[in-house]
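Letters A, B, C and D mark the chains as written, and numbering starts fresh at 1 in each.
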Amino acid sequence: MRKVIHSLKVLENKSAGGDNFTLLLEAPEPLPTITPGQFCEVKVDNDPTVYLRRPFSIHNVDYKSNTITLLIKVLGKGTAKLSGIKEGDALNVVYPLGKGFTISDEPKVLLVGGGCGVAPLLYMARVLNEKGIRPTILVGGRTTVDVPRVEAYKEVGETHVATEDGSLGEKGLVTQHSVFKSHLADFKRIYTCGPEGMMKAVAKAAEALEIPCEVSLENTMACGIGVCLCCVTETKEGHKCVCTEGPVFDSTQLNGWNIDKASTCSKPYLKNE
Amino acid sequence: MTDLSVKINKLKLKNPVMTASGTFGYGYEFEDFLDLSRLGGIVVKATTSKHREGNKYPRMAETALGMLNAVGLQNKGVDYFVKETCPKLTKYDTHFFANVSDSTIEGYVEVAEKINELDYIPGIELNISCPNVKEGGMAFGTSCPSAFAVTEAVRKVYKKTLIVKLSPNVTNIAEIAKAVEDAGADSVSLINTLLGMAIDAEKRRPVLSTVTGGLSGPAVKPVALRMVYQVSKAVKIPIIGMGGISNATDAIEFLLAGATAIQVGTANFIDPQVTIKIIEGIEDYLIRHRIKKVTDLIGALEV
Amino acid sequence: MTDLSVKINKLKLKNPVMTASGTFGYGYEFEDFLDLSRLGGIVVKATTSKHREGNKYPRMAETALGMLNAVGLQNKGVDYFVKETCPKLTKYDTHFFANVSDSTIEGYVEVAEKINELDYIPGIELNISCPNVKEGGMAFGTSCPSAFAVTEAVRKVYKKTLIVKLSPNVTNIAEIAKAVEDAGADSVSLINTLLGMAIDAEKRRPVLSTVTGGLSGPAVKPVALRMVYQVSKAVKIPIIGMGGISNATDAIEFLLAGATAIQVGTANFIDPQVTIKIIEGIEDYLIRHRIKKVTDLIGALEV
Amino acid sequence: MRKVIHSLKVLENKSAGGDNFTLLLEAPEPLPTITPGQFCEVKVDNDPTVYLRRPFSIHNVDYKSNTITLLIKVLGKGTAKLSGIKEGDALNVVYPLGKGFTISDEPKVLLVGGGCGVAPLLYMARVLNEKGIRPTILVGGRTTVDVPRVEAYKEVGETHVATEDGSLGEKGLVTQHSVFKSHLADFKRIYTCGPEGMMKAVAKAAEALEIPCEVSLENTMACGIGVCLCCVTETKEGHKCVCTEGPVFDSTQLNGWNIDKASTCSKPYLKNE
């Protein structure tokens, strides 16, 4: 898969509720082939406090209109700056990066997302749809605004919601949702993305049932292309780069995830914060 | 025609723009972004005698126009490098340099000896300045006797171009440069990263698993430039300058300060094509200033 | 109530936020912008035994989130300071510290002796780290014996709080800190500026009249933080940390790394009211984290 | 004179020909008293390459509308960024700074400006007008676009122009202009601002005729308020701070100005560049 550096044109910057927003970006030439779960590295301009690029999953791809969409949660300086980007502005983006989800022909697929971790699951579901598969999607967050774009998910899969405060869907964590608790064994493939605490719980349950489970990590990155070795995660075979050997890993490959230094998305999700 | 070529010892580089170890992988990771054969040289990621897992995650912290890293020499060891990695490099028309590191003089010597056998590696960069390992690494680069000792030992077994990479974390870098020149180095490269630290005030914890790490990027440029200038007054061997170089103007400043070639590090992360832009920018500068050969810029600062 | 007070030796500061020498004049220049009596302390511009003209213009170069200066201790000499400047300071309810510099030990001693007589100056900061003078200055701060010697000599004649300001341009700053502690310093402050350089590529000339100069500002923060942390492991006397502090978060990081108080330097140029914002930001942080006294943050980094 | 830090509102950003533009800025509270020749320090936001504030002369003051105007020439990073500032944006400004021109009752006044060095002369002329004095104004530049706002100067004084290429007014340097060459002795006060080469030539001619001449320097600055000691110029009494003891100096006070490390405005003015 060829990586490109594009100056993408911002067609739309739309709020997705709470701190979340989507950027619709148009490529200057035909899009490269993009696999669900892959990400891009975005240069944040005009901010003296932001030096490195910022990684974001590719939330949606439309080869026809030659656009990609990002779903971003404002977390700090870079994402705050990006949230103010205007229609017509340009965004320098390196993509597509990393190894995405494995796509099989199994029809019974569960996608589990937490907070802004849902981002890559939309494109994943769409690609599954193209293969005739309608996945079950389970998304969770602390409260309604932490579960962005539920309507979009409903279009591409049977979507269930869990919120900790019960303001949307069932009350509780995704792993406490009735679908997860009672029907997990029905699924042949599980894909999850979100706070590491959640992903670990999902992976554990999946492993107990011997269901293949892929998780998508969000380690901090400097290069995004496998050369700085800053983004490593510990696996059964030693350190692996999340940016090139991931971000998607088979859950059984990983060991010693460090929950509290974990993913950026943990904030809205973990209870005691 | 503008002549961009420079010489490190007897080795001719097509232009003075190289990539810095640990920031450009083994080169081929950048193949989608640029034509590697346009580069003056590529210094690959550090190689040690044995496979190393490196430090624990997190290994990176962003700082004011810079970053800290604490990778800790993660690599698959010299044997893997010789057998698996090197063969992949032969197809490119540029010079690849191995960055040699270890914890003991014996380790350095072992790696250098093995790499000495490789036809298509015309030189090594002896990394006596890595701040991110508990043993060896930077310790060799912070005193004259130890810098001399490791350089001398490697010089005995290494027959091609020997570049020694210096640490900026010293009181007098010119002294260390002189010591390694005396020990037989063909060139010195500088600077490696400045030892720094980042703290997460909310969590009240260091950001890096190793507490301290190496600072690189634009923030360090003024220090790097000063050190290149100081070293250029102290040694006769060619200097390879680096530290925060992000554009052609930066590169030219290092040449003026006395560097024969330059390396681009962290800037590759921000713009994977930056090296090509720097090469083109240097050429533009030479044309605009009606300078025929880039070597006329070396040390040409009017003080 | 949140307690912001800290102690340097026996001296109580109402809060840990001081201003750094050479960046805040004699304080009154900032009177239009803030209430000086809210500050923990003010370190005034360096004073030497004799009047000094300082270096030639240009003395300044902007760098990546930082600046180089080459002022070179321009000041009217200690007698002028004692007679003309000090009387103007007595009306403010904060602690003024003199920053004492010179080229010889005798010079340092002369200045310290004269300032010792001033009732309203509770302490001095011995500047053995100025990189911008040809003689003395930084040279005293880059070796243990000379740092010890000058501190010891001044200690003999100076009876009040003696802070020694360390140079970051050394291989092992903890060693130097230990030496000045042994020589009787009550506190160490760090870092002074990192030696750097800027070049005007178009003119092919150094930007500064002195070629090299001292780097300050956000760019140096990671190095400063690391040094404060290292020194805090080596000495028992209180540490005053500085280097790139621009907001309350930066200040808190220095406290966590082991500083008892902090100084704000270059950031005063960008926002003359920054010190007040830092004081208020520290207070907010303490309240948010339910910490009663700022001293609970000192060295509280969980490693 | 009390110094303030204001967040000034940009009412207008207007091209003034060539690389020059004016910013009309509104203060949030009554303007402090401002003397002609004083300057301000402007914070340039959103640019990782600009750290320090940038000094600009105060080009005009209108106490009624509570506005000041700056006349700026794009020279590098900071001025380029400022040239893109939009109506409604805010600009953080410290002002008024420095010692301005001495204002006397002498009716025969000559103001000589070069390039963007004309900036402080407009407000100077207006203040003279208020005293009933209509100064003679002589402005020069390489070519027409380097002599901004000539129409504004014509309103406040008898204005003459010299351009090196003769595209506007007389051909040549300001010091070669007929007013300067033939009528200099008529004036009782001379004020000049612009490239140091020009100012030196003006000062020399003035001194020869024993006419008091004030010059306005543009040394690079870090603080603008007299504390960093970076902006010094050599005077008969040693180093003096341009930001507090200047920027305006009596020409006879100065010695050893360094022409080639000189003012920013020298570029469009000096011949051999």
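Just a few scattered comments:
What we mean here is this: a contact is a pair of C-beta atoms (placed from the backbone, for glycine too) under 8 Å apart; a residue touches a chain by one contact, two chains touch by 3 or more.
These figures come from a predicted structure and were not determined experimentally.
Here the CA centre of subunit A is 36 Å from the CA centre of subunit B. Centre-to-centre, using mean CA coordinates, subunit A is 47 Å away from subunit C. Rounded to a whole number, the gap between the C-alpha centres of subunit A and subunit D is 55 angstrom.
Multi-chain contact residues, meaning those touching two or more other chains, occur in subunit A at positions 48, 50-51.
Touching of two or more other chains is recorded for residues 63-66, 217-218 of subunit C. A ring topology is adopted by the chain contact network, closed into one cycle in which each chain touches exactly two others. Every pair of chains that touch is listed here: A-B, A-D, B-C, C-D.
Contacts from subunit C toward subunit D in the complex involve residues 22-25, 29-30, 32-33, 45, 53-54, 56-60, 62-67, 69, 71, 74, 217-218, 266, 268-273.
Listing the residues of subunit D that touch subunit C in their complex gives 2-5, 43, 48-53, 94, 219-234, 238-239, 258, 261. Subunit B contributes residues 61, 63-66, 68, 142-143, 169-171, 194-199, 201, 203-206, 211-212, 215, 217-223, 225-226, 229, 244, 249, 252-253, 256-257, 285, 300-303 to its touches with subunit C in the complex.
Put simply, subunit D touches subunit A in their complex at residues 46-48, 51.
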